[in-house]
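This report refers to the structure that appears directly beneath it.
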Amino acid sequence: MSLDTAPPSEMHGGTPAHHEAPEVVDARQRLGLWLFIGADVVTVGALLFTYLYLRGVDTSGHWNSLLGYRGSLHSYEYWDNAANNGTLKNPTLIYPGWLSSGMQWLVSALTVVSAGVIWQAEKTLRATKNAKSFSSMAIFAMILALVGVVVSAVLLSDIPQVFVAANDSLTMSYTAYDSAMMAIVGSTLGHLVILAFLGLGLAIRSVRGAITGDRWFQARLVRIFWVWVAVSSIVSTLITTTITSVH
Amino acid sequence: MTTTLEPTESVTQPRGGGLARRQNFGTAVAGGVIFAFLGWLLARKLFYTGSDNFSDQVAVMTCVGWMIGFWIGIGAFNAPFKWLLGNDNSRDDDLYYAGHNQGRARYWKYTTDHKVVGVQYIIVTMGLLGVGGILAMAIRTELITPGTHFVNQQVYNSFIAIHGMVMILALIVAVAGPWGNFVMPIMIGARDMAFPRLNALSLWSLVSAATLLVGTLAVGGLPVGWVVLGTVADQAGVGMDFFAMAIVVFTVSTTVASVNLITTVISMRTKGMTLDRLPIFVWGTVVTAALALYAFPFFFIAEANQILDRTVSTSFYVATGGGTSWLQANLFWLMGHPEVYVILIPAVAALFEISTVMARKPLFSYRTAVGAMVSLAGLSAVVWAHHMFTSGWAPSLGGPFMVTTELISIPTGIFFLVLIGTLWRGSVWMRLPTVWMFGFIFNFLIGGVTGIYLSDVPLDEQLHGTMFVTAHFHYIFVGSVLFGAIAALAYWFPKVTGRYLNEFLGRISFWLVFIGIQITFGAMFLSGLKGMPRRDASYSLAFEHTNFISTIGAYIIMIGMLILFGAIVTSWRHGEPSGPNPWHANSLEWLVPTPVPLENFDVMPVVTEDPYHFDKEIVSS
Amino acid sequence: MATSEKKSLTGFFWAWGIITAVGVVLSIWLPQRYMPEAMSNDAHLTMTTMILFSICAAPVAAGVYAGALHILRNYRYRGEGVPPAAEQIREHTKLLVTWLTASAILTVFVLVWGLGALASENSNTSSNPLVVDVTGQQWIWSFSYPGSHVQSNELYLPENREVEFRVTSEDVTHGFWVVNMGVQVDANPGTITTIHTTPDKLGVFEVRCEQFCGLNHAFMDAVGYVVTPQKFTSWLAAQPQQS
Amino acid sequence: MDRSKSLGVALASVLIGGGVLAVAGFALASSTPHQTALHCVESSTAAHTCNLQLSTFPDSLEGVHGKNGGPHPDWVTYSNDNIVVPANTTIDVTIDQYDTGGSLNNPFFDRVYGTIGGNYTVNGKTYSHWNANDVGHTFTLRGIPGNGKTLFVSVPLPYNHGSKFPVKIGVGVYPKPVVVQFSFKTGGKAVYEWNCEFPCGGSREGQGFGEAMSSFGYMSGTMTVE
């Protein structure tokens, strides 16, 4: 006896000829997507919990008000030891306003607009069954998502590294505020990359005929996830732009 | 660890399909190693060698390389890119990837058939339990004498951390993995899981994450305990990055598996399989999946923060930068306690299922059993801070969390009522699964009662961080969950292999493991009462006798488990043939032939009643 | 319809009684035999709570074990092949209700006792406790008496005077645990956490680290002495003054 | 499968499994062996006394950690981590301190504890206390309480501010050492742990308690009293 699976009974001509109706498959995939969005809600919730918790605790007052030089992520050499003979002479007090709420709202706006474009694309596809226009709108949504990715990347690289007062004069690190923001902006960036991938997929599939006027279920799946990312971006931006100063 | 299976028929050469059809575990490991090396090289070029975080950045990039390489090698990315390019798998492709007539090779591939994934989970669980077992024996050998003679403190501290995490990983997947995948879809009358490819992704992500976790021993170990508390984890070396990356991937794999499991049960039940007629084991897996779906993202964020702290110098857990290690403790335990119920509930649900068949009686108050599992899952989300009663984080929260934690004893109390109630006035068939079930009843009671002591804040101020806590959760993990997992293995072994698990060896191993547990963890309770802290490589003379007795008990458990392992391996091919329905049960998995055909059912069954009517003649196909 | 006739429950009640008795004896003897010598009000409270909870748990455990034994004795199928179907009992609401109420009552009792103990522990802060600053640093506890600039690695405490430990750490999280006083709190870097207790017995006691703190965590212990107030003041005076 | 065959399987799995476990266990255990023991030298002059020579280096090049410094050449280290001394004897310890230093973060360790006479000599002069901002390392030795009254010796090792004529030891070049001498009396047979309590190791946030301070065999070790 072995673990092999016996070939299905010959009654069905060798291959089990059962096909589930597309609607059944779609309903199942939508349920799976909503559950996955549930897990994503908890993940984004944990990120915002981290942000609010660190802000609330504000250990030794270093939530976001540390002295230090503005330095960017890649410029370790920036800290020119010789010029300052190893100690921080006159630190320019930088209030890390690097992340203006305008930039945050720009990223959220991009997610919302691109979600609107995908939703519109899905509506027109279902109404007019015109795959061509659907694929061009999908491409447009993808481009908006990629712009969002670029803006988020710029935000990430613009976080100032500050000198954390410790007896080791070379330790440059980010304050708790910068760390929490880095995680939130990074998470949005990751979601936007996935959205761009999905948008490109929709565009190619509609050109290749995999998505047509009457086989549009996957467009709806991507639209649901896209709208969720837009909602999550708005919620996190709302929190990070209104609750910023130390209590 | 390959099981010795003889090929049944000549493996037909894969028809076309190019490289994608030749990908297997070998190409996965090759891809993993190559990309890990590339990641290592790239990191050494990219990052500034002078910074404190250089070694961590290189380690994280190496781990990322291993993960991506492993996924590419096993073929996880094939389907997404085929989706992107618009050419989906043909029906023939789907059948090939489901392992259609490929003999044993399909166990080494990215196979989507839920039965193959189920067997793969058995192998992975036994492998993890083996590694954890070796570390357990090394720990107990060190603790024979007060000094640090066998290993020095640093190596010992790595042993306890990796032993802890590997065993937690093994027990999370020990019941929900093999039986949630192999048996549950057939039980509800489905042809496969809702998302078959996602199922294979979860299994293989677990394999690559477990490799990294065990790999920490090779890169300097993880001398910080499995709770990796922020402050002490800062001092850990590169092993901490391997650990964090392993957890990041493991949590994603488990969350995705939960989505898969819940969707399967909700949307793929056959006609007539209403919620009232669901076998109780299916309820257990769904409740567990929902709890895991909620809990594991916290662990993902807790470890992602730690990776950022170590590679990019953020300050999530660093006091000088404004962070606090209490954040890590909170995020960790927000997952920590739900996780231990994710481990417990499937084992209890499997035992409920077994108790009905072995007592020839319906489950005692089916709805109360489901209610108890659901309320336990709900409660477990609001009890996490009892792990931090003595951390000084929030002394005022001691009261509320004492209340929620002690309420847990009501649903767990119901588990006993249901189990004893089902067996009461039944004609109890003392086969191997039943023997392990009675072991569960004995151990789970001791584990449960000692939990109540720890939930009381004044008592916890004496018992927290002592071996008493260690003994408590070993009575639950080893005494209850492992006994439930072995009972489930003995019960469904005939459905997987068509043979009985060797009863004679099974009973010998039961008595050895059972007695070993009473000795090992009974003496550990006494060490804890006397005041021996946890995770001590060495201890004062006052604890000499109790630790010596514990180590003797540990060796007895080892012998018992080795005999069980021998029994499993030999029974797989040489066990006594059992036929499709050896226990004369009514649930659907016993009404399909053994070996189970690829799509489980030729004709989808229509269910008219729940599987607990033992008084009628069983119609077995 | 096979029926398994009801077996008499006397055996069950006997087993229940015997196991409960054994449980009660053990719950009284074990804590006192194995728990460290109680030298403070909190430790005495811990000991009584331990004994009380064990006594409460004994009948519950005995009930389950007696039930299991009763099943094994009376309802085990000894024949060959598949056992006959038993009586298809599905519900027994009376048993379920009694079980639920019993466990609810027990849980409420345990809760009330626990909350009461917690409240009494927090409430007994006297007007001027003796303040001891405890510093945990990788693998040594050091104690300083702020009033008198004295630092020592041994913890001297006067008898019958409340002491407030203000605990912090210099590097990683330690767990300050006064074994014989039944109180513990973590020493966290960057923050001060406090616990207090009242030693009420002369003698030697142990301080241990109960939170994993790295390489020599197992050796991070300290010795303490509860002495008479006079001996405490003379010891304090004899110590070298810290700068 | 009949009974006797099963028993054969059981025996085989226990023996093979046990063998694998033993081999794996010992392989894991031998991954960080103790350094070779440093025996205290019986003093020829005074009875019941024994001389012990230790030194603290700013890097690991001195050879105890393998050729040119072993895995972490830049880590500070003591010269040995496995000291063996006789029981009930007076141990005269000489420590050559080659490393720089800074200020103690815990003023408790700027005092001398547990030595005979309560003091120690630095370059010949006797002290019982050292300026907390001028310390390089400490030598802090203690046993496991709960085994009766145990030993506690803690001695601050001064900051070595360098010297005009450096000294060559093995592969490394170091300033003339600060010589610290103290003695203490050992009790009965026991194993004591000692380690440095000055934040001299590297660590992520500059606290100085990581790397060398939290790894076995660099700034900590055992003292076995035979």
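Residue numbering begins at 1 within each chain, and the chains themselves are lettered A, B, C and D in the order written.
Please note the rule applied: a contact is a pair of C-beta atoms (placed from the backbone, for glycine too) under 8 Å apart; a residue touches a chain by one contact, two chains touch by 3 or more.
Keep in mind that what you see is a predicted model, and the values were worked out from it rather than measured.
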Chain whose Cα centroid lies at the greatest distance from that of chain C: A
Two chains joined by the most C-beta pairs in contact, as defined above: B-C
Centre distance in Å when chain A and chain B are each reduced to the mean of their C-alpha atoms: 30
Geometric centre distance via CA averages, chain C-chain A, whole Å: 47
Chain centre separation in whole Å, for chain D relative to chain B (CA means): 41
Chain A and chain D, separation of their C-alpha mean positions in angstrom: 50
Set of chain A residues in contact with two or more other chains: 59-60, 164, 166, 171, 173
Contacts with two or more other chains, residues of chain C listed in rising order: 171-172, 189-191, 206, 214-216, 218-219, 221
Of all residues in chain D, the ones touching two or more other chains: 105, 144-146, 199, 202, 204-207, 209, 213-216
Chain B partner contacts - residues on chain D that touch it in the complex: 1, 3, 6, 9-10, 12-14, 17-18, 21, 24-25, 28-29, 31-32, 34, 144-147, 191, 202-207, 209-211, 213-217, 222
Residue ranges of chain B touching chain C (in the complex, touch as defined): 148, 153-154, 157, 223-225, 227, 229-232, 234-235, 319-320, 324-326, 359-366, 368, 390-392, 395, 398-399, 402-403, 406-407, 409-410, 413-414, 416-417, 420-421, 423-430, 438, 441-442, 445-446, 449, 452-453, 455-459, 461-462, 464-466, 526, 529-531, 533-540, 583-584, 612-615
Residue ranges of chain D in contact with chain C within the complex: 105-108, 111, 113, 128-129, 132, 140, 142-146, 149-150, 152, 154, 193, 195, 197, 199, 207, 209, 213-216, 220
Contact footprint of chain A on chain B as seen in their complex: 5-9, 48, 50-52, 83-88, 91, 95, 99-101, 103-104, 107, 113, 115, 119, 191, 194-195, 255-256, 258-260, 262-263, 266-268, 293-294, 296-298, 300-301, 304-305, 308-309, 312-316, 318-324, 326-327, 330-331, 334, 496-499, 573, 577, 593, 595-599, 602
Residues of chain C touching chain B in the complex: 1-2, 4, 6-7, 30-31, 34-36, 42-43, 45-46, 49-50, 53, 57, 60-61, 64-65, 67-68, 70-72, 75-77, 82-93, 95-96, 99-100, 103-104, 106-107, 110-111, 113-115, 117-118, 121-122, 167, 169, 171-173, 175, 177, 179, 182-186, 188-191, 193-195, 206, 208-219, 221
